[in-house]
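Look for subunit A in each of the two complexes below; its partner is subunit B in the first and subunit C in the second.
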Partner chain A sequence: MKDISQYLELFRTERDLIDAHSVPALNALRDEAAAAFERMGFPSKKVERYRYTDVATAFAPNYGLNLSRLHIPVNPYEAFRCDIPNLSTSVYFVVNDSLYKDALPKATLPKGVIVDSLNALSMLDEVQAVHSPFSIFHSEDSLTALNSMLAQDALLIYIRAGVRAERPIQVVNILRSAVPLMVNRKVRIVAEAGAEVRLLFCDHAADDQDFLATQVMEVSVGEGAHVELYELEETHARCHRFANLYADVAAGGHLTHATLTLTNGLTRNQTDVCLSGKEASVNLLGCAITDGQQHVDNNTLIDHRAPGCTSRELYKYVVDEQSEGAFAGRILVREQAGQTESQETNANLVCTPEARIWTQPMLEIYADDVQCSHGSTVGQLNDEALFYMRQRGISESEARLLLKQAFASEVLNHITLEPLRDRLHYLIDKRFRGELNHCRTCRLCNKS
Partner chain B sequence: MLEIKNLHATVGGKEILKGIDLTIGPGEIHALMGQNGAGKSTLSNVLVGHPAYTVTEGSITFNGKDLLALSPDERSHEGLFLSFQQPVEIPGVSMVNFMRAALNAKRKYQGLEPLDAGSFLKLMRERRKIVELDNKLTSRSVNEGFSGGEKKRNEIFQMAMLEPTMCILDETDSGLDVDALRIVAEGFNKLRTSDTSAIVITHYQRLLDYLKPDYVHVLMGGRIVKTGGPELAIEIEQRGFDWIKESLDI
Partner chain C sequence: MSEEIIVTVPEDSNSFVRSVAEKSYEYGFTTDVETEVIERGLTEETVRLISEKKGEPAWLLDFRLKAFRYWQTQKQPTWGHLQLPPIDYQAISYYADPTKKKKTLGGSPAEIDPELMRTFDKLGIPLEERMALSGTAVDAVMDSVSVKTTFREKLAEQGIIFCSISEAVKQHPELVQKYLGSVVPYRDNYFAALNSAVFSDGSFVYIPKGVRCPMELSTYFRINAQGTGQFERTLIVCDEDAYVSYLEGCTAPMRDENQLHAAIVEIVVEARAEVKYSTVQNWYPGDKDGKGGVLNLVTKRGLLRGKNAKLSWTQVETGSAITWKYPSCVLAGEGSQAEFYSVAVTNNLQQADTGTKMIHLAPRTRSTIISKGISAGRSQNSYRGLVRVAAKAEGARNYSSCDSLLLSSTCGAHTFPYMDVQNPTAVLEHEATTSKISEDQLFYCQQRGISQEEAVGLIVNGYAKDVLNKLPMEFAVEAQKLLSVSLEGTVG
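Right after this comes the complex of A and B.
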């Protein structure tokens, strides 16, 4: 209990300050969220879904919070210039946990598409008229509850029925602080019936500082809507990320969600997808490349609640040096979910005897007439392939690199956004070469 | 050019080569025949430095250099090429990236600049035609989904790209139909220069009809027990190996 006390104490003593710099929609959630957080405490490794990540230790240090919402001096355009060539996106910056209003994209969004912070009340009215902005604010997860207890703002992305957002929307999360900092981000994505949107979230850290970020994302994919959501993390060894995503896909809707972790410290991504309408579909993709002391834990749940739904899941890890990866994916096919098609694959490449992988694919079927498969592999590089390449004159290090890239790139091949896919191939190549922190166009990277 | 002296080698602790002596001059083609398990593939693997094989005695000199002191990739740069008996499939590594990495590594070793993309692709196109390798195959992953014959053709294509001076063809004829065999063998002949040497491991005369070896060696129990001209291969084709065993009293 002592672990959670500093957060509860902070909440109780600073409650007025927290509320004063937030909005009623979020303030209304706090009491119930705090009670849930206090009841659950930090999940120990005995909690099934948290068995691979030590949460309490990550939350133990004394992080500062920017509860008075002081404006953090940063010009994201100056600090951050990593772009995706040939991909024209509407770029938004979130500095710590606030939308950076000084640098909004110049091009206007199509009518019916809204990207704004919850503080922009006019837009909340419009969205709230149709959807409750936050239906999940504690669920049965203590970190979601903690996030709801402390979050002071939220990013809302709304696409009205039938509207196609032609240009992908990119959100760059920048962590910036001179002292150890905790941030609590909330994101609400609503794509109404028949809407189409592609979203790219990039996580970066601008300062060599200890960061702790919680993120709760809630996604509603309406009937026949199409949402692609890519999350790319390129932070550093002192960053801790706990991201919980809750998605609901209505009849005939489709969600693609990809989590790509290239550089980080400790990351836990929990992704829960509910296929609630018939013939809904989801693709979950994940790729983690780790070395040093990196830790990446992806925990997924796909809940088939309606007939004729399809789910595909592919997670690949390349773990090197002393790093650790974990994957636990549960697929639940409920009694009413006949004609389900589901495929889950987790493949892992373990490059050293010290690197660790935990893998746990789970399939629970309560319906008849379904086609489901699940499997995982853990292995090393193929020695015969390595030798074949060396016989052709390719050095051992280059051959290893090509094989690792080949392994990881299978995930990228499922990404339909071509410029992003090309960019990710490039980034992964750089990552394996250890050159990720030297990208040419980025002043931020060149600084370090 | 290649001088093997008293070569002994083991794999998995078991001695397979028990004193091989073989000298190959520039431009010479040497056929290596023998029953299964005689050590033919072991010899080729030892020559290219496969890590599973351990040389316990003897020496190999290649163009005056101690071959055994070189890594597999350095041996490749020095001009040694093995056409694998069973080429490996490498999913996810495209033929283009694979060949570019190989060719540019060799150029770097030779102190040359990497080939620019245009010249490289032009070279790929030219060389591909020599073995009639379909464009579709070179745009795929290395050997992935290739038929047995296509894999063997792909080996000769890679040879064409890397222009080695010492080629080892390890049962390149196995699994090939008559037409594929002709394409592969004629491809090899087109690529040969007066300095290209080769060790051809085969069970059959039909490949040798095309390649016309200067010498034929018979390997038995990890040693070369008989050496002759092209007529020896014809005799083996007709009579098998037992008569050699009998004449040597093995």
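Right after this comes the complex of A and C.
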């Protein structure tokens, strides 16, 4: 219950302002969300899913909110260019929590694909009517409730049935502020039956400021649809991210979701995937490379509700210095979900005595005709492999680097988009060399 | 309570092995002995009364009262994957003594109620010296009181103390006071606090330095009286370079109501000593509709205090309506080793949430966890385990493997492993699999004329072999039969 009062108070006193700069679809949720948030409070570490992250402390400082939606001038290209060589993407920028539309060449999207903010789309009855989705989840998670209580806009990505979006869609989230700022992002992704899309979300911070971001993403994968969703976080030590993702995969649909945390302050990603149709499949991937005081907590739930579904899960962590990594993955196989195949793997490298790792792979199975397995390991780099390389004239630090890269690349190898995979390999390589922030066009680096 | 009593019963080969049931629950009979039961309910007065009845010293009463006051401030935990029926702690009698009345009536204290003797005989535990043939010394505990401990003198020759804990309080107060609550403090958890307040009896074992206990020590627990709970407390201290193998078995009569069993086992292992603790738990599991059965809510923990100490827990869990039990090891001595082997079988409406904790505190400590869950009927079977490696535990090593076998489409098998690692040189591995019994294997057996039920028994025993192999010979045979019996009629 600690400190929820400042958020409730803000909500109650500024309700009109919040509503005025938002849309009815989101305003309609607020009362219920506020009630749920008040009832649940911030989850303490005694709440099973929040064991590893101290939420209340992260939310305790006094952050500003841009409730009147003041326009923050920014040149996104200057702020950051997250380019992927050899891959042309349709790029969108979200500054704090609103879609940034100034001075950008309009990305051309195939017919039947919409990427826009809900505020702009509120007239598009078609989309609104078919997917009046923002939703149902506040009663379960207090941070989702908090997000729904305060979020004023949402990014909508919609792919009509049977449409294949050839070019990946890239969304760059930029945090930009002169004062400590809290942002509440909402994303709704709908891929109708047979649709196909690849999405890349990159998180960046353009200012050396305290940021607190909550994000609620809802993903619907239609029958036979194919969605790949990659999230890459490269912020800094003063950024706090709480991202909840809720995905539903219909019969024969497939979802690949990857979270890559390279630099950050405190991150908690909660990913809930429901396989609700026959023979749906999901592939969850995660990689976190941490040092300093970084804290990364990935909490996943895969809910098998239909027969013949497949799930794969692979999370890898390299925790260095005083950083902390946590992984909790729960696989739930319900009674009706026969012929389930599920595999969960979590591997971790702990590099110093101050670093800490928690891992908790869970299986909860109520059906009998299933094949489920999970494995998790915590260990170090293989001494023999190190020795082998040193024998061949590779310096120790280089050998270590190579082994760490090899360790992380198992996750990346599941990424089907080759240019993206190469780019991520490159970023991870730079990350291990400690050069990540020295990019060509990044404002932060150029400043120093 | 249990003086040096020698009673001869007709010669019979050790029926412990032979007598394991073909029926569903063979130990469901009750014994008609006169039992002194104190009034139901739990207040500070009850605690004082128990202490008074046992003629305890002030420090122990003080320990009980502290525990009781702490218990009152606590709430029953709900985190287990269990649906625990509400327990009315005031409806239970906290002390039942089947030996008492006989003694006062019969005059001679050297005589155990023959009915009681027959009970333990039926259970396959003849309480006399020919147990020497099987090399086991037994402490039999019925309801709240240790009925008899065999082989005391022989063990005493080597300085081994094996007696009921009430007796130990009187005869070796310095040892009990030193170690009681040192591994499981009364503030440890809700049920530990309850047990510390009202514990009635249990076994005490002390193996002096350098002594290898020549026989296996064994305690047999039985709940008999109605409306009572059993709160026994076992304390094993194995001094430097010593060795002991300890067995524990339990049964209870069939009753419609749930019976509460909240025990504590504490083990202290000093440098280079080794303790093997084996349990075959066969409390009454309740009937097919989940009526009755024992609520088995137990805290077991070993402290590996010295260098290169070794502790091994082996458990076969087939009984109890609800099992909530995590035999754990605190590896505080450098180079110490801990092992946990478990087979848990649940059938009908049984629920089990069991596993272990391995707390690595010292360098070069090693632990192994092998857990096999078998669920059938409409039961729920969970493995829950924690492996923690503290910052100082250089080179700690853990291997965990948890497999679950599903025998019906209405049961559940769950795995909740936790790992918490703070040391960069630790190596931990965990793997788990869940699958249903292989149709190919069943088919193969049936093709060769083995009935389906037998085939299931064979496959399950093969599956659990890794663990059964770790049991002492006698127990292994019993456990194997128990597995087949527990799973009777589960497939098909």
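Just so we're on the same page, the second predicted complex is superposed on the first by the 430 of 448 C-alpha atoms of A that agree within 3 Å, B and C clash if a C-alpha of one lies under 4 Å from a C-alpha of the other, contacts with A are read in each partner's own complex, and residues count from 1 in each chain.
The criterion applied here is as follows: a contact is a pair of C-beta atoms (placed from the backbone, for glycine too) under 8 Å apart; a residue touches a chain by one contact, two chains touch by 3 or more.
For clarity, every value in this text was computed on a predicted model and none was experimentally measured.
Per the definitions stated earlier, placing subunit B and subunit C onto a shared subunit A by superposition produces no clash, and the two fit side by side. Panel annotation: after superposition on the shared chain A, the angle at the CA centre of subunit A between subunit B and subunit C (CA centres) reads 70 degrees, nearest 10. Judged by the touch definition given at the top, the superposed model places A:Gln371 against subunit C, while subunit B stays out of reach. Using the contact criterion defined above for the overlaid structures, shared-chain residue A:Gly379 touches subunit C, although it does not reach subunit B.
After superposition on the shared chain, subunit A has more residues touched by C, the comparison being subunit B against subunit C. When both complexes are overlaid on chain A, the residue A:Ala161 reaches neither subunit B nor subunit C. Judged by the touch definition given at the top, the superposed model places A:Glu48 against subunit C, while subunit B stays out of reach. In the superposition on chain A, A:Ala355 makes contact with subunit C only, while subunit B stays out of contact range. Of the two partner chains, subunit C is the only one that A:Gly338 touches; subunit B does not reach it. Shared-chain residue A:Leu403: touches subunit B; no touch with subunit C. In the superposed pair of complexes, A:Leu17 makes contact with neither subunit B nor subunit C. Taken over all C-alpha pairs, subunit B and subunit C come no nearer than 14 Å in the superposed arrangement. Overlaid on A, the two complexes show subunit B and subunit C touching no common residue of subunit A.
Against subunit C, in their complex, subunit A makes its touches with residues 48, 335, 338, 348, 350-380.
Residue ranges of subunit A in contact with subunit B, taken from their complex: 382-385, 387-396, 398, 402-403, 405-407, 409-410.
The touching residues of subunit B, when paired with subunit A in their complex, are 48-51, 71-73, 75-77, 81-82, 84, 87-93, 97-98, 101-103, 105-106, 109, 141-142, 158, 162. Subunit C contributes residues 79, 81, 389, 391, 404, 406-436 to its touches with subunit A in the complex.
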